Amino acid sequence: MADLAQAQAGATMPGQPYMELVNVWKRFGEGDKQTVAVRNVDLAIQPGEFVTLIGPSGCGKSTLFNMIAGLLPSDSDGSILVKGKAQQDGALLGKVSFMPQRDLLFPWRTVLDNATLALEVEGMPKRLARQKAEALFPEFGLKGFEQHYPHQLSGGMRQRVALMRTFLFERDLILLDEPFGALDALTRSMMQRWLLDIWEKHRRTVLFITHDIDEAIFLGDKVVVMTARPGTIKCQETITLPRPRDVSVVTTPEFMEVKKKLLAVVEEESLKTFASATMRP
Amino acid sequence: MASGLNALRSALPVAAALLALLLLWQFGTTALDVPAYILPKPAEILATALGRIGFFGGELYVTLVEAVGGFLIGSVLGILLAVAMILLPVLEVMLMPLAMVINAVPSIAFVPLVLLWFGLGMSSKIAIGALAVVFVVLLNLLSGLKRPEAESINLLRSFGASRLGILWRLQLPAGMPALVTGLRVGLARSTIAVIVAEMMGAYSGIGQVIYQATAQVDSLTVWAAVFVASLGSLALYGVLVALDRKLVWWR
Amino acid sequence: MSLQSAVRSPYAAVLIVAALWLVCVPLFSIPPRYLPPLPAVIADGVSVWPDLAAGFWRTLVETVLGFLAGSLLGITFGIAFAASKTLERAFFPIFVALQTVPVIAFGAIVVIWFGNTILAKVVIALYLAFFPVAVNTLRGLEQADPQRIALMKSFGASRLTLFRKLLLPTAAPNILIGMKLAVALSLAGAVVGEWFGDTVGLGVMLLQALYFELIPRVWVLIIACGALGTLLYGALALLERRFVWWRPD
Amino acid sequence: MTFFKHGLAAGLFAVAAALSATAPAGAAEPVSVRLKWLPQAQFAGVYVAKAKGFYKDAGLDVTVNPGGPNINVETLVASGADTFGVASGTEGVLYSREKKLPLKAIAMSQQMTPFAYVAYTESGINSVKDFKGKKVATWMVGPQYTLYSVLAAEGVPQADVNIVSQPFSMQPFIDKQFDVATVTLYNELNTLKEQGIDNIKLFMPDDSGVTTQQDAIVTSEKMIAEKPEQVQAFLNATLKGWKYAFEHKDEAVDIVMASGPGLERKHQELMLNEIERLMVAKLGTSEGLGAIDLVSIGKVQDDLIKFGAMKTPVDIKGAFDTSFWAKVPAEDKKM
């Protein structure tokens, strides 16, 4: 799988970003009622890079994500390029491995069949898809739960099933929308480390949304901060912390320094959102 | 073993309640000397039903064939309509208000027309049975198909799933519980509609038995026929409940 | 916007159907016994207008009374079943069985027991209406989240308060679903009830139309029943929008 | 019985009475009459007697309750839910007595069999004997026994005739799905005429010597025992109503039209004419309206037993009480 990812990544020209957002806008409604959700976003994601994105709640992160996943067309003044090629409306569907905030497991499918969902949609024969998924079960800590139904699993396990579903849908770019948002702190930090292990093994390009600064720094090669609505990119911070990272990295001075800097930015943006929300008539 | 015991335990209250009701009925009618033409005693009804079991069985068979036939046709039509409306939202906008209005008309109001169109044979009963089912199934399934949130649909879209793929993998399974509810309501309705239509005009069937027995002041036969009809539709209902467990296995 | 289209579309649909009816009957020369021409139906409706209006009103009253009584009884049973598992186990299956009994078989008995008044129709409407309400009330009450119940209890809520502030609102959307089913059944009950020896009502007219083979009249009555049912359903939907504005989770 | 009298039913009837209470009727006794079908000219006498105040003059406050499918008049009268009834007819009264319903017939409205058999003129069917090998439709809710009697009287074996169940609609006959169909003279025959079908021939059971009187006026044994004067008053006024109806047909149809919703006047006029024909036939003229023909009733019972519709014969004199009819003043019943 890693070979495959590298082979695909190899198709990009050296130095060329895997995905590039150029002046991306999204407006809803018309005339007086128009609201701008996303404004003038420029962002480049290199192949194999782990990019984390933070911003105050309601800043348009999810709108941005939906556009990258191809679920929502971006406004015509900008463009989304993949390997240098502009993507028309809907062209991105099926090209990005997307994991929404909630696990969205189907209650009528077993864990195994939930994991193979994307493969089935692709048209892979069920037997083959299952074989492929079964191989990943130990790695995702789900061995022995293949035939369980989602309602029999804990929140962390459900999230891992959803992640496995995303991983099995082998695309160059993985979009993760606050995947650990609903988990408790302990489970979450375990999941973070585990995600890094997996990522390091497979080296896929990841764009990860979160509202947790620690998480963003701990996971990312690059942290992108979005502003309050209308969302745009306020700053980008490259994280140079060595990999592989473990829990101890969180207490290093380098980490603290980055965190302090980002915290200030995010705080400022959050205050803006809060103020505008409370001042609304 | 344990499950058998459990089944027994859950069946006990209803058995007790039924027995109590029957005893109250039996002894109440005896004590108050209620004549059979007003309310026969359960023992007499049972004796009448058992005494002509072949006759009642044959008539019930006709009624059940009509009810099940109508139910199946109506269900398939309802399911097809719901699927068509989900795939082609224009259809929903156009047909839904009409479906709501027709659904608001009691299906018995169509009995006169159906009898004129399809005659007195089984086909008119099947038609009225189907009519009684189709809109219940349509309305329930449609709301079930719409149950999945946009997020789940988006997830499948991001996997590159087509409209049909989304329907098959997400909306249909998610709509199953609602469909089953619709089927249950529909089955009860189709049985009753068929019996009513049989009363209004038929060659045979439980409804016709009830009608003829009423005309000939034979109240025991009326009650026995009703008793047999209820047993029959309860049996159908049981089949559907079992089917429910198969269709909605994950609950 | 959505309200506008919601209001507009039913009328549009009715107009389209009317237009199709108007055009298709002469176009395909459909025999009147299958589908009489729309003008004939309208003319027949006009010719019996006073009777039709009186019948509409009477059937409406019967339906509403039976529906209200049935809903009340259904909610009561639903609450009782939710409160006592034994009660549910004992009587729920019997109620299911009762649903399969064709009431129409008992015309004479209904009249003997309940007389020839409006009460007989109300009772039949009630009989048909109460079950869906009971089932849905039960299901709705069962949906109450144990954590929320615990929360209410931690506030020191009494059983009654718990019921009024949490359980009933939680069950409300389900109860309304049951009531929407019940309103159609009440109408059917009222119409059938009128077959047991009444002089006024849509059911009486339907019966007469059937036996005199007045096909245009049958269509007039089907349309009247449809209008009545839609009216009641619409009123209920309005009520729903007023009282259950939140979405169940 | 007692339970219903004193319990639920009594209470509900009180409500019913309160709801349907008419003007304070002085000393008039509240009673009810249950018809075998919906309001129509078939019951013109009853409606006229009420509208013209004949009942009131007789000291009765009568509520007219229509019937319907699955309403059994005999049961309602026997149970006391209704005081009087215009019940099915000879057969219905016999069945009821066999089933021990405590009721009696006190008059018979229709003096000849109201059923007849119709065939198209070009069908080649010229007599009942020609029914052999033909598809003959009749109603299987009682009238089939009349057909059996007619066939027996004409010496046609039942097995030689293809007898099928007839719907309430005449459409299959119009579509020529049946060779012969059954009509009532006062209703289906008129329906055929209204649809412009007159190339038909009629075969009347009475021509084959089969008479079954229909539309029995019944009341409970209890009424006869406890309030015979009310029974007499009701019968007198009802027959007077019929007489008046036949003498003032336009007015009678007006009264009927006002009693039921959505009736067609033309159809009701035709019906009243036919009903008159049936009621004044035979004993209806010689003896008077409502006469009870015990001889024909005896024959019907014999046939019902022969065809297996009844198991044991009932005492005809006990089932059909002629004493009240005998006491009806001649000016009320003689046309």
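We just call them A, B, C and D in the order they show up, numbering each chain from 1.
Quick note on the criterion: a residue touches a chain if its C-beta (ideal position, glycine included) is under 8 Å from a C-beta of that chain, and two chains touch if they have at least 3 such contacts.
Since the structure is predicted, the reported quantities are computational estimates derived from the model, not experimental observations.
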Note to self: I want to compare two interfaces, C-D and B-D. Which one has more contacting C-beta pairs?
What the structure shows: C-D
Checklist line | Approximate Å spacing (C-alpha centroids) for the pair chain B, chain D | finding: 37
Next item on the list: Using mean C-alpha positions as chain centres, tell me how far chain A is from chain B in Å, no decimals.
Entry: 49
Item checked: CA centroid of chain B to CA centroid of chain C, Å -> 17
Item checked: In chain A, residues with contacts to at least two other chains -> none
Note to self: Using the touch definition from the top, which residues of chain C touch two or more other chains?
What the structure shows: 33, 104-108, 112, 209-210, 213
Notebook entry, point to check: What are the residue numbers in chain D that touch two or more other chains?
Noted result: 4, 69-70, 72, 75, 79, 168-169, 171
Check: Pairs of chains that touch, anyone?
Finding: A-B, B-C, B-D, C-D
Item checked: Residue ranges of chain C in contact with chain B within the complex -> 9-10, 12-14, 16-17, 33-34, 86, 89-94, 96-97, 99-102, 104-109, 112, 132, 181, 184, 187-188, 191-192, 206, 209-210, 213, 215, 218, 221-222, 225-230, 232-233
Checklist line | chain D - residues contacting chain C, complex | finding: 4, 8-9, 12-13, 15-16, 19-20, 32, 34-35, 38-39, 63, 65-72, 75-76, 79, 81, 168-171, 191, 259-264, 267
Checklist line | chain B residues within the chain C interface of the complex | finding: 10, 12-14, 16-18, 21, 38-39, 93-98, 100-113, 115-117, 185, 188, 191-192, 195-196, 199-200, 207, 210, 214, 222, 225-226, 229-230, 233-234, 237
Item checked: Sites on chain B touched by chain A in the complex -> 151-152, 154-161, 165, 169-170, 173-174, 176, 248-251
Notebook entry, point to check: Which of the residues in chain A end up touching chain B in this complex?
Noted result: 66, 69-71, 93-98, 100-102, 104, 106-109, 117-118, 120-122, 149, 151, 169
